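Two complexes follow with subunit A in common, the first pairing it with subunit B and the second with subunit C.
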Partner chain A sequence: MQSTAQTIPLPSSRRRIPRPRLPRVNGFFFFILPGVSFVLSLTLFPALYGIYISLTNLNLGYVGYSFVGLENYGRLLEWDDLGLVTRNTLGFVASVVVLQVAIGLLVSILLNQKLVGHQVMRSLTILPWVLPSVVVGLVFAQIFGGSRLGIANYVLSLFGVGQMSWLADPALAMALLVAVSVWRGVPFTVIILLGGLQTLPRELYEAAVIDGATAWQRFRYVTLPLLKPILMISLIMGTGGALNSLDIPLALTGGGPGSATELFSISLYKQSFFHLDISYGAAIGTVMLVVNLVLIVLYLLVLQPRRSANHD
Partner chain B sequence: MTDVVPVRGRPARRPLEPSPFTYLFYPILAAAVLMPLGWALLGGFKNPNELFTYPPTLWPRHWTIANYVDVFVRLEFGRYLINTVVVALFTVVLTLFFAGLAAYALSRWDFRYKDVLLVTLLGLQLIPSTVNIVPYYTIMNHLGLLNTRTALVLIYTASHIPLAIWVLKGFFDTVPRALDEAAQIDGCSKWHTYWSIIVPLSLPGLSVAGFLVFVTSWSEFLVPLVIASAKDVAVTSVGLFTFFGPDAQTSYVYLFAATVITVAPVVVAYLFAQRFLISGLTAFSDK
Partner chain C sequence: MHAKFTVAAAALLLTVAHASAIELKVLVPAQYSPASGFIPGSVVHKDLYAKFEAQNPDIKLNYEVLDTGPQGLQKILTQATTNSLPDAAIVDGQWIARLVQAKALQPLDQLWPASDRADFHPAVVEAVSIDGKPYAIMFQTGMRGLLYRPSVLAAQGEKEFPKTFDDFLKLASKLKDKKVVAELVPAKATDEPSTMHMLSIFWGLGGKLVDEHGAPVFFTEENGKALARVYEMYRDLVAKGAMRAEVTTMDEAALRPFFYGHEVFAMGGSSSNVKQIWSEQPDTVNDLAVAAYPMPGSGKPVTILGGFTYAITARDPKKVEAAWKFVSFMTAPAQMGAINEALGQLPVRTSVWSTNGFFSTNPMMVSYKAMYDGPMQTRPVAPIYTTISSAISSQLPGVIAGTLSPSDAVNRARDAVMVEFKRQQSR
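Up next is the complex of A and B:
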């Protein structure tokens, strides 16, 4: 390791001030180690430990456990609801991500226009991001399923739409779950995309206008290509957010009616802490971890070239 | 702001004039956000009978704060609030302490694999608590920390340190190194330099990271639900879920008042510090 404290500009080495404290070369170690070991011990270590638990028959209802190899994964493959939950999860994640990024892109382009009042609108639009998502789930459950099936049905009835039991109908419950997740998820996408939009060079748009490009052409041929890395980031983060989302599903539908909105995240929670089959839950968690690792690698790959480009 | 760009050429058709058509979307956006929130806010001030009337009323006919009183007296929500505040504040302090030291080192020293470390931290931060919830439970069980606020603080701190490091390193990078060097010539150790020079100069950065950590700790749900759901240590999100979740028995008349109480601190924090929060969040995509 090279000495890095040589940056102090001194005329000659004879006048160097002796520093009897920590050896300079390894000083950073004492600054970094506590934080990094903290992070490792409660992020990476649990993830690995979860893989280990998934290879045992640990159950919160019994004392002791033994190593059972891949048995939990075998059970997972034979699980009756596997197809249903896979379809639910894929459908949920895909719908949430597509809607979230599409709406987020539209909204952030609108909010990027410096009209009178755009700052107030921006604050308002981003507000749902600070609301605890479990609260969002509970309030929407009430709006769509409270007394007389909720205020939402009353409002719809004013427009001539008949009463709908949102939380009792499988398709409607899923649609509602997607809608509420999007409502809570759009602000974060808007924050990221607005940050990206504001870095786009104005000159390009001016040149495009002078060349006679329409608004749509400016969007299609200037905004979209330049925004691509940030769009990728919001797609990846949106996918992870939807896949791992548990607060809103649990508060809004709890997986119901029946298993109509059951997602892998809900199964993990129910298997582990209702059926106490915590090693089976860990197996579901490990499968989810693998998907998350793919997303994380993608995320870092998208981020990496930008980083080094900034440093050059 | 950066939008003062001199426009050369034809000033008559100034390009990129914002389109007034955008205003058409403002009411839609505002309604989408405000309607559910307004319904909850106003619902908290209605008396229980009014919540069940049909057709429903939007504006309370008789304003009452009885729901708020009941939420505190009958549901003992004060305890949940205190738990949430305590956990969030300890998390903020611990996170800033560890992340600050690491960020300072990462800002001032160069060593091999530094970029790898920074990127790894960012990746670790993205391992979701949903995946880690089972191991969290077993680990805290082993440590005898189930149903303690300590367990929550430890887990939140670990999962927030990477983001805080990224935010703080960005700020420390803007503090001139000449100050460190001057302090060292005066005989300050790195440790003293950090605490007496860098920290006081980086209070804006520390606030950004602190606000961000506070708001996200406040909203945590799954970890406290599984790790600390006992009544005396539970936080507001868990309290709300146990009272008003799908399987709960409590009448929902209190839901709206309890919601407002839960949400008010973070909304106020947001209104005062949204610039801070947002500049911190873009650390996810900007660096």
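Up next is the complex of A and C:
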């Protein structure tokens, strides 16, 4: 009888034992995991949850809540002060962003010059940014208090000027709100733009000087085009900052007198935390989110460097 | 040896007793707790807490600070929805309806003896009752009125504060010539004290905010006329230079620099701030008085009653029993008097007014007692009240600026309130 059994060679110690194959995972996945987790859990989830809440009737004055569809958005459209608050917000954001970027650009160009004491000036310029914005709001409220004990009125009295009701006049209150917000925001713009200016190649300026370009022409045709991406960042951050700004407006004017300086951010705060109407506040927040996104897209479209049609 | 065993046994018993003590979680605003930033307030609460724990070794107090603004109400409402309520709390009287609606408070009708309730002004008990059941015990009140310097009044040749609105405008005219503003009363939108100052006059004119079912009626016929009249008075005061338009940006605290700087003759203020005013401006200690609001015609203002209250939020019967011990201790005449005197807030027990030396002899407090004994009314214990308050104060800036007529202001307030009222009813 012939044996059919075959001898199976034993694996030598040098041969690899076959292992089950693990799915191949790119290494970069582990590196981006913390960042992705952070964004998903602390940014995207709250934003989406806020949108969900805006579709309910959650009010902390009541037990339980239910889905109500777009009811809160309907309430928002029927709101008597919608036009006023929209005008206030648009005016405030436009003024703050334009002034902040314009002044910030001017200051950063000045600070980029090798003038005497420019290092000290750079440090001093950043000071308003170091102060907590609530403190800034409260301090300026103290300065522009309408009593003769208010600091601004006291200073005016030294020059024989009568008392002014700074924050009781709607136009003046809005102007002060813009001015204080710009004062607080300019240093941030300066930091960004100064960083950008210092990266611009010197050769281009030297070539422009050789070509006989004036200072204005160097700024217009060299500095500005090269600074566009940085300006875009400043505009996006400035717009977001102004649109979502609550601390200074709340501490300085509280939306008053009446609703003369009420912004969407203040309305959101009042609805959510004064009236405890969380879902309505979430609806306002969602609208603000959409406006933010729209503005960012607009900036990207307008300021993104256009690619040449001819790639040759 | 025997003594050692006794000591050890006693120590063991104490440890066991302490371990088995009921921990009473109490939610309190900082100013009514040992954490008060006002030293006399802190001292009196520390003493009383220690005394209570000594008298009740089976109860251990564990207090947590609560915001007195809307965030405080929000916190308790959130705790009610998540079943994490404390055992007792100090709540603003105007929150009671909302908290009862959210089933956060326990009724006290079975705990609070009728004999003790009789020591309180009837309006005080009414202020904390819903459907005849009390849900809290008020321990202080703040009365709104016009604070002024009698010396300034005397300098104008006046013997007493004007009682009618017309007489007040005449005085304002004389003061205006001397570059002194007659009056500042807070008129900031959505600010509760703004409403409270308006309500004294509104009620004095016979106005009603809600009906017996808690439905808003402040805009109907006579009520609407009364509210429009109040708006008119504010508008006229500013138009005639008797009040500055700036009041639309001011809360009570913001008025004080004007008063301290002698820019204004009278300011709307709360009795609760009198001690602070004395401390900040020592010349007012012997030169400060309070007057009721001058009224149109022969009307009399109604003093608004409101204040903080002790309430029980526990659901477990043992905790309810312990919480009641604490609440009844803190609101007993001796303790209430001590707290009121330390903080300079008005008592709501008749016995405290008569037995406490400060309240029975201080001229300023005697003036408040006269107001306390006169017509007094509480803000309605209805869930819609906070919306009404916000809506009627929100119209003041428009009326004062002249961009809104008084009757339109009433209509706008009505529209804002009725939308919310319908929503509340649908819940």
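We take it that the second predicted complex is superposed on the first by the 243 of 312 C-alpha atoms of A that agree within 3 Å, B and C clash if a C-alpha of one lies under 4 Å from a C-alpha of the other, contacts with A are read in each partner's own complex, and residues count from 1 in each chain.
Methods note: contacts are C-beta pairs under 8 Å (C-beta built on N, C-alpha and C of every residue); 3 or more make two chains touch, one makes a residue touch a chain.
Note that the structure is predicted; figures quoted are calculated from it, not measured.
Peer 1: Tell me which touches more residues of subunit A here: subunit C or subunit B.
Peer 2: Counted on subunit A, the partner with more touching residues turns out to be B.
Peer 1: For A:Thr253, using the defined touch cut-off, is the partner it touches subunit B, subunit C, both, or neither? Pick first, second, both or neither.
Peer 2: So A:Thr253 meets both subunit B and subunit C here.
Peer 1: In the superposed arrangement, does A:Ala171 touch subunit B (first), subunit C (second), both or neither?
Peer 2: In the superposition, A:Ala171 touches no partner, neither subunit B nor subunit C.
Peer 1: Using the superposition on chain A described above, determine whether A:Asn244 touches subunit B (first), subunit C (second), both, or neither.
Peer 2: Touch partner of A:Asn244: subunit B, not subunit C.
Peer 1: Could you tell me if A:Leu77 is touching subunit B, subunit C, both of them or neither one (first, second, both, neither)?
Peer 2: Once the two structures are laid over each other on A, A:Leu77 reaches no partner at all.
Peer 1: Touch check for A:Phe140: first (subunit B), second (subunit C), both, or neither?
Peer 2: After superposition on chain A, A:Phe140 lies in contact with subunit B alone.
Peer 1: For A:Tyr62, decide between first (touching subunit B), second (touching subunit C), both and neither.
Peer 2: second
Peer 1: Contacts for A:Phe274 in the overlay, against subunit B (first) and subunit C (second): which applies, first, second, both or neither?
Peer 2: Only subunit C; A:Phe274 stays clear of subunit B.
Peer 1: Is A:Phe38 touching the first partner subunit B, the second partner subunit C, both, or neither of them?
Peer 2: first
Peer 1: Considering each complex separately, which residues of subunit A are in contact with subunit B in the first and with subunit C in the second?
Peer 2: On subunit A, the residues that contact subunit B in one structure and subunit C in the other are 146-148, 253-254, 256, 273.
Peer 1: In the complex, go through subunit A and note every residue touching subunit B.
Peer 2: Answer in residue numbers: 1, 4, 7-9, 17, 19, 21-22, 27-28, 31-32, 34-36, 38-47, 49-50, 53, 58, 107, 110, 113-115, 117, 121, 123-128, 130-135, 138-143, 146-148, 151, 154, 183, 188, 191-192, 195-196, 198, 202-203, 205-206, 208-210, 215, 230, 233-234, 237, 240, 244-247, 250-251, 253-254, 256, 265, 268-269, 272-273, 278, 281-282, 285-286, 288-289, 292, 295-297, 299-300, 303-304, 306-307, 310.
Peer 1: Mind listing the subunit B positions that touch subunit A in their complex?
Peer 2: 2-3, 5, 7, 9, 13, 15-16, 18-20, 22-23, 25-26, 29-30, 32-34, 36-37, 39-40, 51-52, 54-56, 98-99, 101-102, 104-106, 108-112, 115, 117, 119, 121-139, 154-155, 157-159, 161-162, 165, 177, 181, 184-185, 187, 189-190, 194, 215, 218-222, 226, 236-237, 240-241, 244-247, 252, 255-256, 259, 262-263, 266-267, 269-271, 274, 277-278, 281-282, 284-287
Peer 1: Can you list the residues on subunit A that touch subunit C in the complex?
Peer 2: 57, 59-64, 75, 80, 145-150, 165, 167-168, 170, 173, 253-260, 270, 273-276
Peer 1: Note which residues of subunit C are touching subunit A in the complex, please.
Peer 2: On the subunit C side, the touching residues are 70-71, 73-74, 77-78, 80-81, 98, 101-103, 188-190, 244-246, 248-249, 254, 257-258, 260-261, 263, 383, 386-387, 390, 394, 396-398, 401, 412, 415-416, 419, 423, 427.
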